[in-house]
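Order as written gives the chain letters A, B, C and D; numbering starts at 1 within each chain.
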Amino acid sequence: MAAMSLALSPTARRVLASRPVLLGLAIVALMVLAAILAPYLTSFDPTIMKPRFRLKAPDATYWFGTDALGRDLFSRVLHGGQVSLFLGLVVCVVAVGIGTVLGLLAGATRLLDAVLMRIMDGIMAIPSILLAVAMVSLFGASFVSVVIAIAFPDIPRVVRLVRSVVLSVREEPYVEAALGLGVPRWLVLLRHVLPNCVAPLTVQATYIFASAILVEAVLGFLGVGYPPDVPTWGNILAEGRNYFQQAPWTIFFAGGFLAVTVLSVNILGDGLRDQLDPKLAGRRS
Amino acid sequence: MTTAQAAGTASPVLSIRNLAVALPKGGDRAHAVRGLNLDIGPQEIVCIVGESGSGKSVTASAVMGLLPPGTLRVESGAIELEGEDLIAATPARMRELRGDRMAMIFQEPMTALNPLMTVGAQIGEAIRVHRPGLAASAVRERVLELVRDVRLPDPERMIGAYPHQMSGGQRQRVMIAMALALEPALIIADEPTTALDITTQAQILRLLRELQDRHHSAVLFITHDFGVVHDIADRVLVMRQGEVVEQGAAAEVLAAPQHPYTRMLLDAVPQGEVKAEPLAAAAPLIEIEALELVYGGRSLFGGGRAVRAVDGVSLTLGEGETLGVVGESGSGKSTVGRCLTGFNTPTGGRILYRGRDIAGFRGRELQAYRRGVQMIFQDPYRSLNPRRRIRDTLIEGPLQHGTPRAEALSRAAGLVEMVGLKPDALDRYPHEFSGGQRQRICIARALAMEPEVIVADEAVSALDVSVQAQVLELIDDLQKRLGFAMVFITHDLRIAAAISDRIAVMQRGRLVEYGAVDEVFLRPRGDYTRDLLAAIPGGGFARAEAAAG
Amino acid sequence: MLRLIALRLAMSVPVVLVVVTLVFLLVRLTGDPATVLAGDLASPEVVAAITAQLGLDKPLLHQYGIWILDLLRGDFGVSIASHQSVIGEIAGRLEPTLVLAAASIIVTVALAVPMGVIAARRHNSWADRLLMLFSVLGFSIPGFVLAYIFILCFSLWLDLLPVQGYVSPFDDPWGSLRHLVLPTLTLSVFFMSLIARVARASILEILSEDFVRTARAKGVPERVILWKHALRNAAIPIVTVIGIGIGMLISGVVVTESVFNLPGVGRLTIDAILARDYPVVQGVIIFFSLAYVSVNLLIDIAYILIDPRIRY
Amino acid sequence: QETTTLKVVGHAALKMLDPITTTAYITRNHGYFIYDTLFAVDANFEPQPQMVKDWSVSDDGMTYTFTLRDGLAFHDGAPVTAEDAVASVRRWAARDLTGIRMMKAAKEFVTVDDKTFRLVLSEPFGAVIDALAKPSSLVPFIMPKRIAETSPTEQIREYIGSGPFRFVADEFQPGVKAVYVRNEAYVPRDEAPSGLAGGKVAKVDRVEYLSFPDQQTAANALTKGEVDILENIYADTVGQLTGVDGVEVQKLKSSNVPTMRLNWLQPPFDNVKVRQAVLHAISQTDFMDAQIGDPELYTICGAMFGCGTPLATEEGAVQTAVTPDFEGAKALLKDAGYKGEKVVVLHPTDLASLSAVAPMTVQALRQIGMNVEMQSMDWATFLQRRNKKDPVDQGGWSVAYGNWNMLDLTSPLSNLNLDTRGSNGYVGWSEDKTLATLKDEFAAASDPAEKKRLAAAIQKRAYELVFYIPLGTYANVSAHRAGVDPLIDSPVQVYWGIAKH
């Protein structure tokens, strides 16, 4: 018990004891596992096209059927998980990382604040899909460009969040106390202010993660997504949409995996919010 | 045990028998309240006193039927309002009774009112809810009457105002008007004046007493201030750890407390004695000359909303001396302190440190100055980073100033001991301490810097009396041993008197009186100082004056 | 209020400038529309000629300068592809987008806010979980998949509603309504989850405020507390998220317009980006950023109406 | 009497209305609504007079004289004159490869009188009538002179022709909808319609030419009867619409050929052996299976000038074998000394009709041990990238694609893939003196047998050097409501002769 309390703060313990959080984590973990183990779970290469076996309904060989190019959908959906989940993660890290740095800077320095926030407003003023389409057009469809395209419009939201936390925390007596001790501003920012952003950022991150997977699908729909030979859930859906009445399995499984993942990540996020927000957590019955 | 019926023959308005409220598992103790018995007759004021967490508010909530659902519940006992069993009452019945037959005034006037509704609407709401048949004009009439009753200025305008447009005292009056709306048999007031400055507090108490006389309500008054008890209570109930340790007529309990706990509480009340040692002529360390600070007004678009928080204040702080700064809320006390510590840059005047203007300090010099002038903040909880262990908090400053880690650590250990905490405190987080302990940690943090000056901003206001006394004693003791000078900001004149060599009285940003402590308090020259002194609950300096005279 | 509006407009100038520059760079760097214009089978000479004719061989800064000057004169230019004025083209596509967006906002708010309120009231009950599950579900399915499912069910199987197309409410209100149902539903489902969840969270938070306790102490019924005290106080975050939602709605509009074949601005923009028709892209994005600024202005005004404490 | 409106979903979004400044097929189709042509190819790809009543050629084949039909008038009421014809052909000839060739051979192109004009050649050019009957991008449409005098690089602003339909400018919404109404004044030829030739009788009052951003939605709309015709449906959708009540699927005369181009300027494809290796690694069957799927809809055919066209031959084709000759390809690679140079395959992602070719290529090239990288991009980027001559590490490319209406391949002169001008020519920058000479000879020839022989020689040479690789031929398919006449048997989708019952 003592060791446990050393390792985990009370908040962490409470958070982990919450059912939605556990449920969300469990499903996400399952998805991640399926994706990581994809090469071992599947017997077909997800990119090998066998046009003569196109649009086969699910059977004992092709568990999820095949797509219009005769690729094994089971393998594609599982491998697609690798890319989609990784993409969500990377987008999350990039957006949260850059957003946090900028948000801290904006919250800490008045001059930078004015400039930075105008730029952020500018980015927010452009519908994110349009921005993403333009970016993928600019850089070509590759992992990097898709990540940038999806992460970029998310950055202002993170910046705003972090900045608002910084603004509210920087007047906190303990921050002033640290400054009063002669601790330099940047160190105070990292040591005393940043940790306050962790809880709201965690929630925001789950949201970004989920929406990144969705946006990737939409980009696929618009024809400017991830390179189509690479299986992603978005690509599978986008490619399958023309067959979905004759061959529903082309989108059913990918859609199902995507929905369940996004769902569980959202449940996780909601759970975290309920737990990390002390006011809501106090109301648990 | 039955309670003596102070009001004689009339049947009690409220009668509580053997009340026990269970706490959830993992709480401070098994019961928030246990074995509580209480009767309040018509027109009677009963005070509940006791340290923080002793179960005062829980008792009140239990009566109102407003215990947080799922967390706290009445385990056993009976509560009767005018003979009606409240514990067995349905939620609907409780709703009918609330506001109509019993009403509650809450501690925090700032947050207890809906910020988006006019106060008139909020006062009227209780009437509309319980008297649905009443015409709108009649409701308005009644609201106006109530507003007049609680002496709010310009009632017609007032009922259209929003809470944020009123002062704390005015808001508390609105709360009272709300409680009185339907002339309930019982009014429960849960620390209704703690958040107010003393002049306002005195007015509110007077008003409450007056109204209670007129409306014949029974009042259950919760406080931890014995001055307040002295001023208004008929009877008093002393609680500790969820249990009643003593009750009786107020005068008797105050004059001859039976229980040692009561005695301890009473002893801890600052009596308003002025500091014993005479003021030695010390060399001036810090001189404040015509300090002026205007908030706002500088922003690009925010013209015209400037607040002149400090306006031409000149003070001197000698080495090793304690300067008490008093004055009502918003008078600019904190702002002076913040200018001193360099958190705010004055917009006028200057601050001299050993004869040199601090505005000119840069780099090393500034570092040295900052290190030498430390602040203890008003709110001990919020001035400690909840995510860092006490050790890290204590060594952060010294490390920053180049003290080797080992030395900083040993110094921290010494300080923790010096402020009366156990060494294991270093490994704990702020939330694992009581308020008083946290305040000690803040003091230790300031001391770790070996400062020449400590600015203590309301350093003990958040603590209850017994703890307050301990901390004050500690500060006094440390100052004697370490010899730092101190600016002690407070709105409690009794505390200021006990600790200061000199007193500065502020009002609306200006310095209205400034001098040696005995001069200011015993022979006040200004009207404002006299008002302040008169407003101290419990008779103020009666005893002190007697002692001095 | 006028001061606020003036202030906001002044503050929006840099925003629009940022947008304009960003878009210019983005669009111009993606290169030249001449190849698209000339078509797949064009010979290289033709492409070069068109490039020169569009002035795309000039230095970037030069082009930027020209364009900004034109903008200042209110000249948004002419579509490279269709040769219609950009303003005209946007105007021609505005109605479907606005109608769809308005319908979606109304439907969403009308459904999501009560959902959030009920979930908050029955916190941690089955009703709460079910409502939240539903709202998260709406968030979990890509819009176009949802749209196809709706079409399949309501148009093809049940034969209740048209598959696609836009009918102006000014020409034929009933027909317009029938055409709007599915796109609106598609957009709302996504948007709804966002608002319902924020509504729930902020009402929950408000319900733990002191003034709610005060209201209870007055004997105010829970229903009144919920709808009068709590909802109004929760309105600020709700309105804020509606604002954010409107921003995201535009993104949703792009997909919805494609699937339901609505001739709106969103589709116009995608087409223009894909065709590198940069005058249209630039024009349309300036339009979007102005819309964003005005929505934010409306939201600020809403704040003032909701909360007497907010003053500018 | 009620107006009959035909709602047609075009195969792309119509935005550009000038059929001379763009090669986009959708703009060409728009052109066929409103403009008429001097000559037109019939269902057998043979040119027939259309606006021309009589024409004659001098015995030396150097002087052509044309006379216009009577009763031809533009939509603004003005009669069509020889001047209009000459101006229109001149503008077209400034942009079209065949046109350029023709004008280079021309000495004089003038009007004789109101109805008569004359072309005098300075060197032999056997394809004058073929050029004037050129059915696909770019088509020599006839416009009023004042419009035809617009610079050939600038778009025209007024859309007036003498064709069977009038364009309703007010109702045009770029990328959404174009509206055409019947030209009451049009005098059709007496012959029955055949291909693009014959009598163009508009049988409906009004055509709404729509664009749907999403094929799935278009198919659903047809199923529900919200539109009448889908001009072109993807192979994917054929399955969905086949057998649906009230919908008829129609395999069209018009067909398409996806092609592969290799970059001759950069390694490894500057080496002819490596190019040949690629040719051997390709199997049209695989590509067609992947891209089209339904064998009913595609033909395996190596003819560079289009299967079933007068010049069709299988000379030199390798990729028509059912299974690719990987061994042969590997041997060629080895022979060529291929050292693993990077091959960049450009993959256009937003064009459904080309979505499978790049992945298929990558799979085949990897099979023979090439170092392949696929780069995906939207169509616009693809078009720009395709113009880059730089090495692959600097934004260049190795393999790119085109998707051609077969009409644009039928002549060695108009077939851009046989461009021999090297780095000044069409993307891929193929260069060969021998082939250039052969093409010149072809241009000069007028005897059909001679032409056929030359075409075969050209194709043989082109395959040897791997100018381009036709990846198969697939039929375009349209679908229409049961109550609507099928599209007429033409290589380009046109809407005269269709009635709605």
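Criterion: a residue touches a chain if its C-beta (ideal position, glycine included) is under 8 Å from a C-beta of that chain, and two chains touch if they have at least 3 such contacts.
Remember, predicted model here, so these are calculated numbers, not experimental data.
Asker: Could you let me know which interface, A-C or A-B, is made of more C-beta pairs in contact?
Answerer: More contacting C-beta pairs are found at A-C.
Asker: Roughly how many whole angstrom separate the Cα centroids of chain B and chain C?
Answerer: The mean C-alpha positions of chain B and chain C differ by 49 Å.
Asker: Could you grab the centroid distance between chain A and chain C? Build each centroid from C-alpha atoms only and quote it in angstrom.
Answerer: Computed from C-alpha means, the inter-chain centre distance equals 22 Å.
Asker: Using CA atom averages as chain centres, what separation in Å is found between chain C and chain D?
Answerer: One centre to the other, that is 40 Å.
Asker: I need the residues of chain D touching at least two other chains; which ones are they?
Answerer: Answer for chain D, listing residues that touch two or more other chains: 216, 350, 378, 380-381.
Asker: Which parts of chain A, given as residue numbers and ranges, touch two or more other chains?
Answerer: In chain A, residues 137, 222-224, 241, 244-245, 285 touch at least two other chains, as defined above.
Asker: Provide the list of chain B residues touching at least two other chains, using ranges where the numbers run on.
Answerer: Correct list: empty.
Asker: Under the stated touch criterion, can you name all the chain pairs that qualify?
Answerer: Final set of chain pairs in contact is A-B, A-C, A-D, B-C, C-D.
Asker: Quick one: in the complex, what on chain D touches chain C?
Answerer: 13, 15-17, 21-24, 27, 95, 97, 137, 153-155, 157, 173-177, 212-214, 216-218, 220-221, 223-224, 226, 350, 378-381, 383-384, 386-387, 402-404, 408, 416, 419, 424-427
Asker: Given the complex with chain D, which residues does chain A contribute to the contact?
Answerer: 47-49, 51-52, 54-55, 68-70, 136-137, 140-142, 222-229, 239, 241-246
Asker: For the complex, give me every residue of chain B touching chain A.
Answerer: 69-70, 341-343, 367, 370-371, 374-375, 377-379, 382-385, 387-388, 396-397, 400-401, 442, 445, 449
Asker: Quick check: in the complex, which residue numbers of chain D touch chain A?
Answerer: Where chain D meets chain A, its residues are 215-216, 234, 236-237, 239-240, 286, 288-290, 293, 347, 349-352, 355-356, 358-360, 362-363, 374-378, 380-381.
Asker: What residues of chain A sit close enough to touch chain B in their complex?
Answerer: It comes out as residues 172-174, 176-184, 191-192, 195, 285.
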